[in-house]
Amino acid sequence: MSDRRYGLWLVGACGGVGTTIALGLAALGKKLTDTTSLVTELPLFEGVSLVQPGQFVVGGHEIREAGFRQTASEMHERAGVFHESLLAACSDTLEAWEKNLRPGTLLACGETIAKLSDRPGINLAETPAAAIERIKADLLAFKKEHNLDDVVVLSVASTEPPFPTGPEHQSLALLEPLLSRANNPVLPASSLYAYAALDLGLPYVNFTPCLGATMPALEELAIKRGTVIAGKDGKTGETLMKTVLAPMFHHRNWRILSWVGHNIFGNRDGVVLDDPRNKAAKVGHKDAVVSSIVGYKPNTLVSIEYIPSMDDWKTAWNHIHFQGFLGTKMILQFIWQGCDSLLAAPLAIDLARMALLARSRKETGVLSHLSCFFKGPQGCTENDFFKQFIMLEEYVTTCRDC
Amino acid sequence: MSDRRYGLWLVGACGGVGTTIALGLAALGKKLTDTTSLVTELPLFEGVSLVQPGQFVVGGHEIREAGFRQTASEMHERAGVFHESLLAACSDTLEAWEKNLRPGTLLACGETIAKLSDRPGINLAETPAAAIERIKADLLAFKKEHNLDDVVVLSVASTEPPFPTGPEHQSLALLEPLLSRANNPVLPASSLYAYAALDLGLPYVNFTPCLGATMPALEELAIKRGTVIAGKDGKTGETLMKTVLAPMFHHRNWRILSWVGHNIFGNRDGVVLDDPRNKAAKVGHKDAVVSSIVGYKPNTLVSIEYIPSMDDWKTAWNHIHFQGFLGTKMILQFIWQGCDSLLAAPLAIDLARMALLARSRKETGVLSHLSCFFKGPQGCTENDFFKQFIMLEEYVTTCRDC
Amino acid sequence: MSDRRYGLWLVGACGGVGTTIALGLAALGKKLTDTTSLVTELPLFEGVSLVQPGQFVVGGHEIREAGFRQTASEMHERAGVFHESLLAACSDTLEAWEKNLRPGTLLACGETIAKLSDRPGINLAETPAAAIERIKADLLAFKKEHNLDDVVVLSVASTEPPFPTGPEHQSLALLEPLLSRANNPVLPASSLYAYAALDLGLPYVNFTPCLGATMPALEELAIKRGTVIAGKDGKTGETLMKTVLAPMFHHRNWRILSWVGHNIFGNRDGVVLDDPRNKAAKVGHKDAVVSSIVGYKPNTLVSIEYIPSMDDWKTAWNHIHFQGFLGTKMILQFIWQGCDSLLAAPLAIDLARMALLARSRKETGVLSHLSCFFKGPQGCTENDFFKQFIMLEEYVTTCRDC
Amino acid sequence: MSDRRYGLWLVGACGGVGTTIALGLAALGKKLTDTTSLVTELPLFEGVSLVQPGQFVVGGHEIREAGFRQTASEMHERAGVFHESLLAACSDTLEAWEKNLRPGTLLACGETIAKLSDRPGINLAETPAAAIERIKADLLAFKKEHNLDDVVVLSVASTEPPFPTGPEHQSLALLEPLLSRANNPVLPASSLYAYAALDLGLPYVNFTPCLGATMPALEELAIKRGTVIAGKDGKTGETLMKTVLAPMFHHRNWRILSWVGHNIFGNRDGVVLDDPRNKAAKVGHKDAVVSSIVGYKPNTLVSIEYIPSMDDWKTAWNHIHFQGFLGTKMILQFIWQGCDSLLAAPLAIDLARMALLARSRKETGVLSHLSCFFKGPQGCTENDFFKQFIMLEEYVTTCRDC
């Protein structure tokens, strides 16, 4: 398998997460870092044939001009991440991969994201159908140029405002005719990438809270074209903690009275989330998981605030007020100080490998066994992290080479 | 089943935990409180025939003079727990149960615990055999007087210093002859209660870090007499959190660099743990669980300090330093502010019910399916709370009435 | 002086703070509690003739039906404050003082506060002038009935929405004619009480962020009638901490990059602050103090959220990101868990005593030496707590009996 | 004044603090960093003639082989401090200053520090008198070689175990004859450096908790030789916070019930403090300040633990339990995440400048106006940070050029 090569196509390629994925794959490929934080490198995966980091070629769509090297260098300066020797050693690979970047689409991505765009060649006037065709052409050219066995399309773009879905998103038959409508686009940008990938029979992974492929019409397309979907919204920090701690409260039969979570961070994602419309999409998943696990609705509050000095260091304070025996109120607080892009990137790499694994097993449709990676798992209503992990374990057990 | 009555015999009856158990059972029996924090009241247990709170009669051994009412009142004054109306409404039951208190033994319980004793009738000079006989007589009298179907002996006494075990603790044949040795007692106080209970064929639950029945000789005795053992060291707060969070780090393949835990509290248990010998027994379990779950030994530190102003409010600060992708160090901190006795008592009641359930099913020996209740689960090496809980679920599933 | 009696007239009498003031004065008068947390009982005040707690008679305006005893009992039930024996021992005094309660005014107090009103006799249709006359009549009747030497009017009412001031608030000559205007009232409720008090020559203390006497016209009235004003917005918890810590950063020449403060609490004040209009008034002072002390504008964020389970326990998490030597970023976080009414009440009692002290010294106008008590000190631009305290010390030194 | 040059002689030169001082002075001299965190750059100091960073030449004693560049590079690698471009730009200056390093003395510095020594030329067998002579020769040679106007000797060495003082340390007449005693040295290493400096009439600053010049005999020597002393134990993080917060509790008349402080860190100082004898010296000052400010002795607890993963990031959790009005207990917690060497170095530079300022004013003896810089201020019993700062302000006011 080792002479085969696979494409990882990043939507929103040169954001913090995309850049860290590219740098991480380069570093792993050159054996310059260890495999800490890759779930797919747990002993659980021994005997499972996964694509190796060094087999990946990275490309992607981007609406800004910055490339991987510039973003990585800025992150090093501002957030203190990435050792300078690693940046130097991976510079050649990142430079090569930057040649695979193509201009993204701004169709229905929302004003705040659109404002970030400074990349020449961004076409604002296209119809959804035209944008999809352009994206498909980019993907096919990438696959051909690098002689790739398969290409995973993985979205790590900024959070779009919530996009309302209707009957037209329930079936391919209803959706397709509307793609040529020029005004009032039927799909947001995130879903155009998903459509293009799936229509080419390529696997699509949505690491963001955007709509992407979360609709029956696109699930239908995936099955029709024989490919897979995984999503959505990578579970990296505070929400991971919630889905780890809520089961504890549940199993101990403690009553959660209130769960307050305040998040501060300062990377580009923060600029986008400073727009209340975009923030609404993000906060939704973060807030729903606790109720879903404990089976009742405690008083919850979630805020995400943009504090530039924090850069990529997302800090969350959570205050959990709960009632124990004989009505006694007690408190658990936690403070999470994590580097957002560094938390997200390894999970995204895991998901790319898992999507390719599913492809090698001829699976189609939504990969519901990947729920432990997501805040809003597609194809799965379980949010308890440990129950989700058991699903993953059970799946992986069936994948071992015998 | 509802006209049957069961004894709950508390070793260290009038400490904070024992008193809360007594008050809690009284309140539950009178339907004055809800069942929050009782694991055995989770929907999981629907269809399982458990002894009801109102069927319990409480008694116990104690080395101090204070009774349930006095301790409960002191806890209300100092720690602000227990509503005064609840104390008033349960006063009659507590008064009745105080009549079932008998003087405990101080044999090999360590100097610091012995110093707490002010109860008349404490016999310091007895041999282990004599102490066991006296304890057995107390238990039989209690059972007879209240016409009890069964009596669970549950230890909630203060933490003894570690008691070294040797070959003589490996089999009943070697242990028994040494029980008459007057000097250099072969068992600490905690094990005398365990011996007495088991020898009478009564179930024994060890909620403390003391030696109790944690030795092959007493496990042998349990099987010989057809009864059960559960232990040891109830998992109430910080250690519960460790066994909830360590699996998260493990499943995400993050590397824990250091895990520092500082605990402060001010109840009587704190006085005892201020003696470094007693503290050593306590800290052991708290420290071992993380390594056991992640499979390597991070730099760990655990302290427990006696701060009188805290009373029963055990507060733990934990600082977890971990390494993520590309060598990036991140931090999780939590602060747990729980009321120790209120956390422990419902679990102890759960354990009494589970022991009686096992008895009704004719089980014998160590009840390893109860590992999720304990810091140092007897008969089980698993410390991952969620894996432990699955063991409980699987057991309970086999117990449903069909 | 000890046979003299003084009135303390509370605006918003039966809220958490008002009730705690009443209970506290009753308890102090009966010597049932110590003087912890009374600034005016510091050794600094030795030799200064202050009105003693036992000399106070309490009365006040209220828009709800609840009295002191009911509120105190509810706070005991919900927040665990006030020992039940203290409540019992002070019940007679509180009952007597409840007879001094009169219906308040709802004029321009904002919708959210108005909705809380359930007290019979609230007149909604009056003009400002009519309301002022009614308030004056209540104050005079109280003074006469109890034969009081002086009456301090102290506002501890809920936070009104910000009330815009204009030229008409700059002088008494412009303001007075507008008081009879029925629609579009020229003053909010808080200022009507202030006007009434000052016009009677009584001292007025504003413990709230409401407008009260914060305008040149009312300062003019105070001087004209020979009485005093102190305000505004008692500095109890998070803001106190800010004005204590910001000077440290300033004196160490560290650069504050961002200062984020999230507050959660669940008392009635929280219901009112859940209205964004009312919240705006509150957040203003909390946010301005840091910049005022350090002389530049760091990125600041302040939130106050209503979480009912917290009751009176205001919990604040503050995250201070600062830059030290060679551009190194460091972090200070604090968590404040204080009981709001218990923090406020002793300061309010201090202010009543200080206002009466100023009266005995024939002072008039704004008492700027009381700045250390306030988030937005009237008559003083200094927010550094320790510089404010020095002002108090210097003033007190001049008050000692020789 | 700008053509004059001054020496800064560091005892323990290449530890984290010493290295940061050297790097910081080099960077300041080259205008590569701003003056954030230098107290002597506050507006307060406008018009005061201070030695400028670029006027300093650095030298020092060291017992290890490592130089400034190696230590700085290690700190960059391990703790993420010092930008790599700054290290590169200052490398030439650091290299030049490394030539001024001389072997230190191990006399009575304690076993743990002695074990760190790997520097050739360390003479273990000398008498105190011989060591002092050697140190003096090193200082004179440094002064002569670089044609320095004055040399400040500043100790930033590791913490020695407490050294008991007796009658022989009370006067120079008693101390001097004992300096030739070979066995059982009359002074620890830290005091030998102090002696040498003072005997040459050079200013001596003790930034450590070591004995240094804290004894009447050496204060006498300073006055005799017409030079100055400042000390001891730089107030950088947790203790600074204590001396900032304790006055708040004091001024608000709240009663501190308990103050618990746990510190973790992982730099070389931590290795030394892992020896309980050395730790005892450090913990002493940290623990005493609160009582000294509030005038009573709350229950206090201070721990410092060595956690290698933390490197230079000293993290302190403090839990302050206090009693407010009507006996209500409340809690303030803070978490300080500071980089130890970066906190200390600017203060040390400030102290060097202040010592030289005092010299230019012909002052002699202990500089008690520098108390705000120290945990255990010499010549001053005040620990309230803000009162200490006022002393500094008053002094500086007298220093302005007119």
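First chain written, first letter: the chains are A, B, C and D, and each begins at residue 1.
The working rule: a contact is a pair of C-beta atoms (placed from the backbone, for glycine too) under 8 Å apart; a residue touches a chain by one contact, two chains touch by 3 or more.
Note that this is a predicted model, so its numbers are computed, not measured.
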Practice item. Give me the chains shared as neighbours by chain A and chain D. Key: B, C
**Study point:** Chain pair with more C-beta contacts, A-C versus A-B
**Key:** A-B
Study note, to complete from the structure: chain A to chain C, mean C-alpha position gap in Å, rounds to 50
Review point. Chain A to chain B: how many Å between their CA centres?
Key: 45
**Study point:** Residues of chain D whose C-beta touches two or more other chains
**Key:** 333, 335
**Study point:** Complex interface listing, chain B residues touching chain C
**Key:** 80, 84, 335
Review point. Hey, which residues of chain C end up touching chain D in the complex?
Key: 20, 23-24, 27, 33-39, 41-42, 81-83, 86, 240-241, 244-245, 247-248, 251-255, 323-328, 330-339, 342-343, 345-346, 372, 385-386, 389
Review point. Tell me, which parts of chain C touch chain A in their complex?
Key: 257-258, 260, 262, 264, 299, 301, 303, 305, 307-310, 315, 317, 319, 321, 329, 333, 335
